[in-house]
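Heads up, there are several structures right after this.
Look for subunit A in each of the two complexes below; its partner is subunit B in the first and subunit C in the second.
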Partner chain A sequence: MNIEFIDIVQALIDGILYGSTYALIGLGFTLIFGAMEKLNMAYAASSIGGAYVGLGVSVLLSLPLYAIFLIGPIGGGLLSVLVYICCFRYLPSNNHLAALMASIGGLFFIDEIISHETDGSPLDFPELGIFSEAYFEIEFSDMFLGFRGDLIFVMFASFLAMLMLMYLLYRTRLGLATRAVSQQPIAAQLCGISIHQTNSVTFILAGVLGGIAGCLAAASVGVISPLLVLPLTVKGLVVTVIGGLGSIRGAIIAGLLVGGLESVFLLLRGVNERDIYVFLLLFVFLVFRPNGFFGAEIDRD
Partner chain B sequence: MDYYLGVFQTIGVHTLLGLSAYILLLTGQVSMAQIGFFAIGAYSSGVLTVIFSWNIYPALAFGALLASFFAFLVGFPALRVKGLMLVIATIAFSEIVRLITFNFVWMVEKDGIMVGAEGAQGFREIRYFTTNGWDSSQVVLLIWIFVAIVMAMLWWLDRVKAGAVLRAVGNDELAAQSSGINLTTVKVAAMTAGGFIAGLGGGLYAHAVSYVDHITFTILMATFAISYPILGGTKNVFGTLLAVIFIQGILIEAFRFLEDWRLIIFGLLIILVMNFMPDGLVSIFKKSNPGKGN
Partner chain C sequence: MSILKVDNLCKNFGGVQAVNGLNFEINEGEIFGLIGPNGSGKSTTINVICGLYQPSEGSIFLNGKKINGFKPNQCVDMGISRTFQNIRLFGDLTVWQNLWVAWKDDRKNQGSWFSNWFGKSESREKLISELLSFSGLETRANDLASNLSFGEQRRLELARAVASKPKLIFLDEPAAGMNKEEVKELRDRIFRLRDLGITIFLVEHVMDLVMNVSNRITVLNFGKAISEGDPESVQNDKAVQEAYFGQ
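Moving on, here comes the complex of A and B:
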């Protein structure tokens, strides 16, 4: 196949638009890491789980299409706070690896429950109505670049979610408490902030973001499957590391970057090899820039 | 009878996998890369006996050495990234290896049929044992001889200075460093040894079941590998063996009638142990990051 420059640019555009879902997932990982300095390995599982809850409830109650995009994030938030209670709340706060293992247990628990309930087969996920049919073409010097309507919707919805998160974090008392706990847990406690309550809120926020990401990713692909969970987990972690653990803008930029590069790798090397290069990217960063784009100097286990 | 031999075979191979994670856990490192080393051992020794018609022993040795070489390479970035970052890096490594086996095609014609690795179809017909007249009890015996050797060596390791050095690093890196222990050397050595054991297990597994493919090497298996020494504790090597018997022998085999509920229970089990049984695990990790991250 003869790949021209315009094909690569087109792949990059599609990938960056889709990459906004990776940015959301990376954001969730980084939010939880920022609050607790712990990794929630069950995060992508609870995000996809949220999309399943949205789909299941909407189908059972025969609600209209957009209901999925309301119930999905709620489901994601609930699952996420459940993960907090089971895998973080009662574990020693200075033991990062115990919480990590517990959340890996949570990842398999959610993943296997989904596989069990759906017999492991993918389900059709409703597409984005008129957005799926829309297609824009823009002439740029002498190249024609296409923009898929559903991916533009995904991008807009993701950025809307991010803006809401930013508003919550930087303009409300709730966000102030969250940031206080992430910076100085003990000092925050002395000011009368309940750590567990704040952490629960952080998990709910991250879970809602994850639920949105899960719904958007499933809607733009058209199917939802438990097989999405592990790749999304690893890619979310890659995004988090590349952006810098705990950095919000880093997660957004890295998400778009990983989405774009993934799409280019797909074009150049095919679907079977694509993820190898995405994961190798992580090693490049670990060797040359272990703190990612914006990560603080990390000197902890 | 064959069924029980199969169970013994699985327990033996998983014990090797668990022991390879055990030696790393002694130094306080949680590695999800063991299944990647296992895959390297399985594929490389399979290629040697099937395509190059090697004898089983040098093929197993080569597979284990190749896996330990990769472990050595992974060990170096592991020094830059500790703890949580190491977990992410090793997950990515295992997934890279799995995807490479998914794409790995190396087929040659032997006696009129095509043999070798066939990408997503997996690596079939690794028939060294059947073509050389081994019966399954001999295969199980071979696996358990290796398990016994590895367990004996790790047991012995705990009784000499090297074992004390490993545990010193695991208990308190700073204290170990200040008593003149080179952290780099110790961690890379543990990683390399772990890679060797996992590679050996992979080679034995591939030949015992005569078929491997990328589904054998998922993150779930990496989680199994690390969960054995964590559930069994790092007091001594028998804890790992007991954990393997408990999970593979009882949970996976004896409760076969539970079907896919077994993996749900496995997930739940890890969560419960982390919450309620701190002695198996928490006491080890607490000491490894003293006074940090409160």
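Moving on, here comes the complex of A and C:
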């Protein structure tokens, strides 16, 4: 196959648009890591679980299409806070390994429940209605670049979610409190902030983002399957590490970058080799820039 | 009337008795000093009262209510607040946001859960601007706390401790690293807080300050109170001189 420059640009555009779901998942990982300095490995599982909840409730109650995108995030938030209660809340706060292992348990538990309930087979996920049919072309000198309507919707919805998150984190006392806890847990408690309360809120916020990401990812391919869980977990971790653990803008930029490059690798080397290069990218970052784009040196007394 | 009463307070870390049978009572509106050589258990005492550590034995009463085993944030709800020996500001938040985080709605009067976390309120704006002028940080309201100078950070931490509207403030070595002029300003601020009706619990190494502002002083050594009384009698106490200077 003869690949021209325009094809690469086209792949990059598609990838960046789809990468906004990676950015959302990376944001969730990084939010939780920022608040507790712990990785929640069950995060992507609760995100996909949220999408399943949205699908299930909508089908059972025969609600219209858009209801999935409202119920999915709520389901994601609920599952996420359940993960917090089961895997983080009652474990010793200084034992990072225990929480890590517990959340890996949570990951497989949610994964298995989904597999069990759906007999392991993928379900049709409604596509994005008129957005799926829309397609825009832009003429660029004598070449044509196409924009898929559903991917534009995915990008738009992701960025809307990120803007709302930013507003919460930077403009309300609730967001300030969660940031205060992540910077100085002891002082924050002595400002009257309950750590468990703000941690729960952080998990809910992350879970809602994850539910949105799960719904968008499933809608843009038209199916949802338990097989989405592990790749999304891994991609989320890659994005979080490349962006810098705990860095919000890092997660957004890294999500788009990983999405874009992944799509280019797919074009150049095919689906079997794609992830090799994604992990190679992770490896390169771990060797040459272990703190990622914006990861701060940990500095606390 | 006593605002804080500590009864036979003990705190062990493994085999080490950091605080050993401490008794004292603080009256409302007074400035109470706690001094002692390094490692005598002063900071541990504060940490136990603020709920950071659980006491091994003994009881703590705030306004007659037992607060043993309360979490730090519950102690803040009860009207306790504190500053730290090593400054613990929220470095990535602005000066204004540092005060906002610590601000607490008067829940009984007006606050709902929603307004506490999301709302805007006039009383908040008013309190924060008062605190900014109290600490002389009006011009730095929108700077990140981590960009403040050392002296400014200490002032901000004191203001933040006041923002939760406490009845009792613990000051853990507030004058550490300050020059004479700054200590004088700090003393004025402490008096202003007392005049607002806030009881002050002062842990300090700078003797000038403690002896000047305190109504009563307790001296700790090896986790035990070895002397108590007004500044003059404590200064002349043989046991205190021995603890500080040796025999």
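Just so it is clear, the second predicted complex is superposed on the first by the 297 of 301 C-alpha atoms of A that agree within 3 Å, B and C clash if a C-alpha of one lies under 4 Å from a C-alpha of the other, contacts with A are read in each partner's own complex, and residues count from 1 in each chain.
Keep in mind that, in the parts below, contacts are C-beta pairs under 8 Å (C-beta built on N, C-alpha and C of every residue); 3 or more make two chains touch, one makes a residue touch a chain.
Here the structure is a predicted model, which is why all the values come from computation and not from measurement.
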{"item": "Which of subunit B and subunit C A:Phe159 touches, first, second, both or neither", "value": "neither"}
{"item": "Partner chain(s) touched by A:Phe293 [first = subunit B, second = subunit C, both, neither]", "value": "neither"}
{"item": "Subunit B versus subunit C, judged by how many residues of subunit A each one touches", "value": "B"}
{"item": "Partner chain(s) touched by A:Ala98 [first = subunit B, second = subunit C, both, neither]", "value": "first"}
{"item": "First (subunit B), second (subunit C), both or neither touched by A:Gln189", "value": "second"}
{"item": "Which of subunit B and subunit C A:Phe147 touches, first, second, both or neither", "value": "neither"}
{"item": "Partner chain in contact with A:Cys86 - subunit B first, subunit C second, else both or neither", "value": "first"}
{"item": "Subunit B versus subunit C as contact partner of A:Ala177, first or second or both or neither", "value": "second"}
{"item": "Common ground on subunit A, meaning residues reached by subunit C in one complex and by subunit B in the other", "value": "186, 301"}
{"item": "Contact footprint of subunit B on subunit A as seen in their complex", "value": "37-39, 86-87, 90-102, 104-113, 115-116, 185-186, 230, 234, 237-238, 240-241, 245, 272-273, 275-276, 279-280, 282-283, 286-287, 290, 298, 300-301"}
{"item": "Of subunit B, residues touching subunit A in the complex", "value": "30, 77, 80-85, 87-89, 91-93, 95-96, 99-100, 102-103, 119-120, 218-220, 223, 226-227, 230, 260-261, 263-264, 266-271, 274-275, 278, 281-282, 285-286, 288-289, 292-294"}
{"item": "Complex contact set, residues of subunit A against subunit C", "value": "172-174, 176-177, 179-180, 183-184, 186-195, 301"}
{"item": "Subunit C residues touching subunit A - in the complex, by the definition given at the top", "value": "50-52, 71-73, 75-77, 81-82, 84, 86, 88-93, 97, 100-104, 116-118, 160, 163-164"}
